[in-house]
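Pasting the structures in now, so scroll down.
In what comes next, chain A is part of two complexes: it sits with chain B in the first one and with chain C in the second one.
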Partner chain A sequence: MPTTRSFTSIWEYDLLEQILIQTINGIVVGMILALVASGLTLIFGIMDVVNFAHGELFMLGAYVGVVTLATLVVAALGAAIHVTTLRPLLGRDPLNTILVTFGVSLVLQNYALWQFGPVARKINEPFVGHFNLFYLEYPWYRLMIALLSAAIIGALWLFLKYSTYGVWIRATTQDRVMAQAMGIPVPRLLTLVFAIGSGMAAASGVLFGPLVGVNHAMGLDWVLKAFIVVVVGGMGNLVGSIAAAIFISLTESYASLWVSPSQAIIVSFVVLILTLLLRPTGLFVPTPK
Partner chain B sequence: MSTGAHTEPLVRVEDIHTYYGKSHILHGVSLEVGHGEIVGLLGRNGVGKSTTLKAIMGLVHPTRGEVLLESQSVGHLPAHRVARLGIGYVPEDRRIFRLLTVSENLRTGLDGRGVSEARKKELLDMVFDYFPVLAERRSQAGGTLSGGEQQMLAIARVMMLEPKIILLDEPTEGLMPRMVSQIRHIIHVLRREGVAVLLVEQNVPLTLEASERVYFMEKGQVRHQAVASELHADHEVVHKYLGV
Partner chain C sequence: MTPRRTRIYWTAFAVILALLIVAPFGLPEFWRRFLTEILIWGLLAMSSDILIGYTGMVSFGHSAFFGLGMYGAAAALLTSRPPSLWLALLYGLIAAAAVAAFVAYFSTRLRDIYFAITTLIFSQIFYVIIFTWTDVTGGENGLAFSRPALAIPGLFSFPFTTLTLYWFVLAVVTASYLLLRRITRSPFGMVLQSIRENEARTRAIGYPVERYKIVAVMFSGLFAGLAGVLYAVQNRFAAPDFVFFVVSGETVIYNIMGGIGTLVGPIVGAAAFLLLREGLSRLFPYLASVVALPGLAEFPYLIPLGVIFIAMVIFMPQGLLGFARRRLNE
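Right after this comes the complex of A and B.
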């Protein structure tokens, strides 16, 4: 994050100011990560599918560049991917779905390479205003990202809590067989969830695009981090994932006060490893029975 | 409702065979349930009673034979289609959606079927009338209910589908003895509502008392049927198929 500071001058400013700035940065990136991870965890929770193509859906969204359009187009693409590649595997070993989504990710990545070329594309921020935050001119756009992500996650929560499909999704996540016996059209519902997850990945891609530019391989970083978040938050646990996204992002932000941001990602892996060792069901879930 | 008004049985199972992996579970099961009829299915553990119910529900697909609902073949349909056609299923372990509230559990069967708001309210009023405790606990998570309450919820939930028949798998299992009379009451409620029941149960006196007819299963087949009122728990037929 080049706008936040230069590496050599960390102690020139007040540490408290640094920490506040990194807190805001951490929350902004954490909200995007939460958006990516909540789609991933929703999909995992209901169909035990580890979606390796999630990062590529994020990348495609970033190329489309307009939130509503990207969400709709990529959601439709997600539905098509589900119907053609995952639905036929229903009831098979989860390993098959890993291979399939990995294959889909390669196809999408190479499609983007072929279509858009290898050079990273700069995407302009939709608005360029800044406000003063201590010694920085902080872009309003970043705050917008956090707010929009929060709004989308909030909308998802309301949808899951109150709508018919939301109740069906939660029921099916808990007991797929019983859900079917209650007349819930499970195959159609799984396609819908995959589409929603894909659309959310695309929306986060659009929001993130202007921060660092867009290229065909950008999905990998994000899917990696989103996986860490999903594990740390407790596989399939939506609230846990959101908490974990903010937590990991903040930890990385604070760590990058002392080390470079590319080294700070090590912190995430440390958190992941500690979680797997000490609390494999996730940090942000009640103590398992 | 009596069986007299209908010439065809409500559900007819014709010579179904099922496999679980390589093991042959049902070896040609045939049975019938009439409209509004309560039918018991008895047999020792592992003879295929639960599998028979699953096959009727579409949760297990028979490799041979037919399941007919009002003469329409349903044996090849996915379970959610079978449910919408009027077969309700209450599994052995009740399988309440534990993290959903009581109301949400009921909604799973109520929504998305094109039922009018007025009818939804009627159905909810009906089950809350029969099971007032569910009304009291409507905002409570299903997993926090007692075993007996969960059994009521499982049955209330399936009644939201307005089924023609309910497949009831061991409803008294794991319940305290005083809850058994509650189950008797529930079956009575279903009979009054004109819903047919296919009851799998270990409790022989309860089954004989609640049912009009009973089938006895052995080794994946129906071996005998009888009018329930002509049997009692000590009858030689009961001993033959259930005795140890």
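Right after this comes the complex of A and C.
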């Protein structure tokens, strides 16, 4: 993988080629991150629920390993989680949702540790073709990931824009009480939204699984990154999160030209701090009046 | 408080303190250490209660303060010869206070969930720095050092035993409790509580809310750092795991389990949580031997713990102490 290069060898290749390759890498990872974060922001924007267990849903999806199956199974799990733990909290302070989902994440993570063991599981890429990208053999699979993520996000957008449920969901975001008064089944709708968000997390887990392997703790990294994205993009703002996801993973890939990938995450922390300082409502939203 | 309630309070305080002082005599070595740990985690939980319970800000970043206290103590214990307890306290508190000032400056601009997430991400910044800066922090392996003696140079010097360390920790935690109680009852503490009740009105009256919040986070971080120093002295190592946000999550769990806004509650919560975890970790191997199901021994005991926690958030939002208080008043 091009991101694991040591410090001295950067200049062995042409810098421009390096930057182009990192741009592609950044966009690929950014699309997966956008998929995770748009699920998270959908759940937050509509339900005022901060879903700490989002990373675990991502991880479970990666273990299931087949996109359609994982999406359905984890969406059903998400619906079950919502009905049992989040529905009783309706009308209470949203902070309670962080606590409950933190508990859920503890349970799911230990379940995965118990069922699948502590050793990371390698998952084969569904197809192994490569094409030449400068000095690299770049896997087609990575481009497929970016396209599939974009397709899923596009489908979500169409769903929200045109389907009856999508219209209901947007109405509920604007005014929950009024929506209920107009006869929209709000509790059922919230369960549906949580299920959709969970399914999206699972789908991104499946897509990402083959890149680095799957283990029970992988969700933690992703939920943190997704939180950064959601804050930088503006909480509950779908387009903002997608832009922020790509922006952040691009800066991280460029940074990993010079520092190790584990340190490159500090760059996204810096982006976050600057955002909080200069535009606390998010980088990609219009300035509030 | 009426004079009568004051008298009851101090009597109860004296009785519980006396019980805690004599408690280790009846206990084997393992449980003495366990009790010390409960007190240390209790102090950490109590420190975050200033924010959660009194100012209404849920911090998910207390692991940063705790961990920096730990690494500050490690720095002092590794560089001073002989290792000095007081220097460890000093360094630990300075490190925690510096981090708290940094975190407070940025995170207090935000409220509610945003504050929680921001503190969480800030604690991760320090985790990544500590985890990757191997030359200084020992990276993943952390740092190991020897335990300092309880000493005043030129006067006396006792090496810590499990028992004396327990008493030392108990003394520090009790002093911190009294100090925190004083702080929360001071005019400063009253302003914090009014921020919790109605921030806009507090601002309208003319209090500089942001400044109060920053000071609150710093106080909270200072006591969390103190807990970190105690933990370092007790276990003789500092590790990045303690800066990871799971520790912050557990701190919040202690608060919720015990009851926020009570100072004592978080200690009760820590005790309940740790005892429950210890009990459950032994329960499943025991059950497996009783019913002859070997697979049961590996059952992850954190799952029932998580379920109990979820149930408590839903059904007992005031925690054990609030629950008990309501029952007593009925």
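Assume the second predicted complex is superposed on the first by the 281 of 289 C-alpha atoms of A that agree within 3 Å, B and C clash if a C-alpha of one lies under 4 Å from a C-alpha of the other, contacts with A are read in each partner's own complex, and residues count from 1 in each chain.
Following the convention adopted for this analysis, contacts are C-beta pairs under 8 Å (C-beta built on N, C-alpha and C of every residue); 3 or more make two chains touch, one makes a residue touch a chain.
All values derive from a computational prediction rather than experimental measurement.
With the C-alpha superposition on chain A as described, chain C and chain B fit side by side in the combined arrangement. When the two structures are aligned on the shared chain, A:184 is found in touch with chain B, with no touch to chain C. In the superposition on chain A, A:100 makes contact with chain C only, while chain B stays out of contact range. Between chain B and chain C, C contacts the larger number of chain A residues.
When both complexes are overlaid on chain A, the residue A:50 reaches chain C alone and has no touch with chain B. Of the two partner chains placed around the shared chain by superposition, neither chain B nor chain C is touched by A:16.
When the two structures are aligned on the shared chain, A:276 is found in touch with chain C, with no touch to chain B. Of the two partner chains, neither chain B nor chain C is touched by A:119. Aligning the two complexes via chain A yields an angle of 90° at the C-alpha centre of chain A, spanning the centres of chain B and chain C, rounded to a multiple of 10. The gap separating chain B from chain C in the superposed three-chain model is 14 Å, by closest C-alpha atoms. Touching of chain A by both chain B and chain C, each in its own complex, is seen for no residue at all. Every residue of chain B that touches chain A in the complex is listed here, in rising order: 57, 59, 78-80, 83-84, 89, 91, 95, 97-100, 104-105, 107-109, 111-113, 157-158, 161.
For chain A in complex with chain B, the residues that touch the partner chain are 164, 167-168, 170-171, 174-175, 177-187. Interface of chain A with chain C (complex): residues 50, 85, 88-89, 92, 94-96, 98-100, 102-104, 106-107, 110-111, 113-114, 220, 224, 227-228, 231, 235, 260, 262-263, 265-266, 269, 272-273, 276-277, 280. Listing the residues of chain C that touch chain A in their complex gives 58, 60, 106-107, 109-110, 112-114, 116-118, 120-121, 124-125, 128-129, 131-132, 245, 249, 252-253, 256, 298-300, 302-303, 305-307, 309-310, 313-314, 317.
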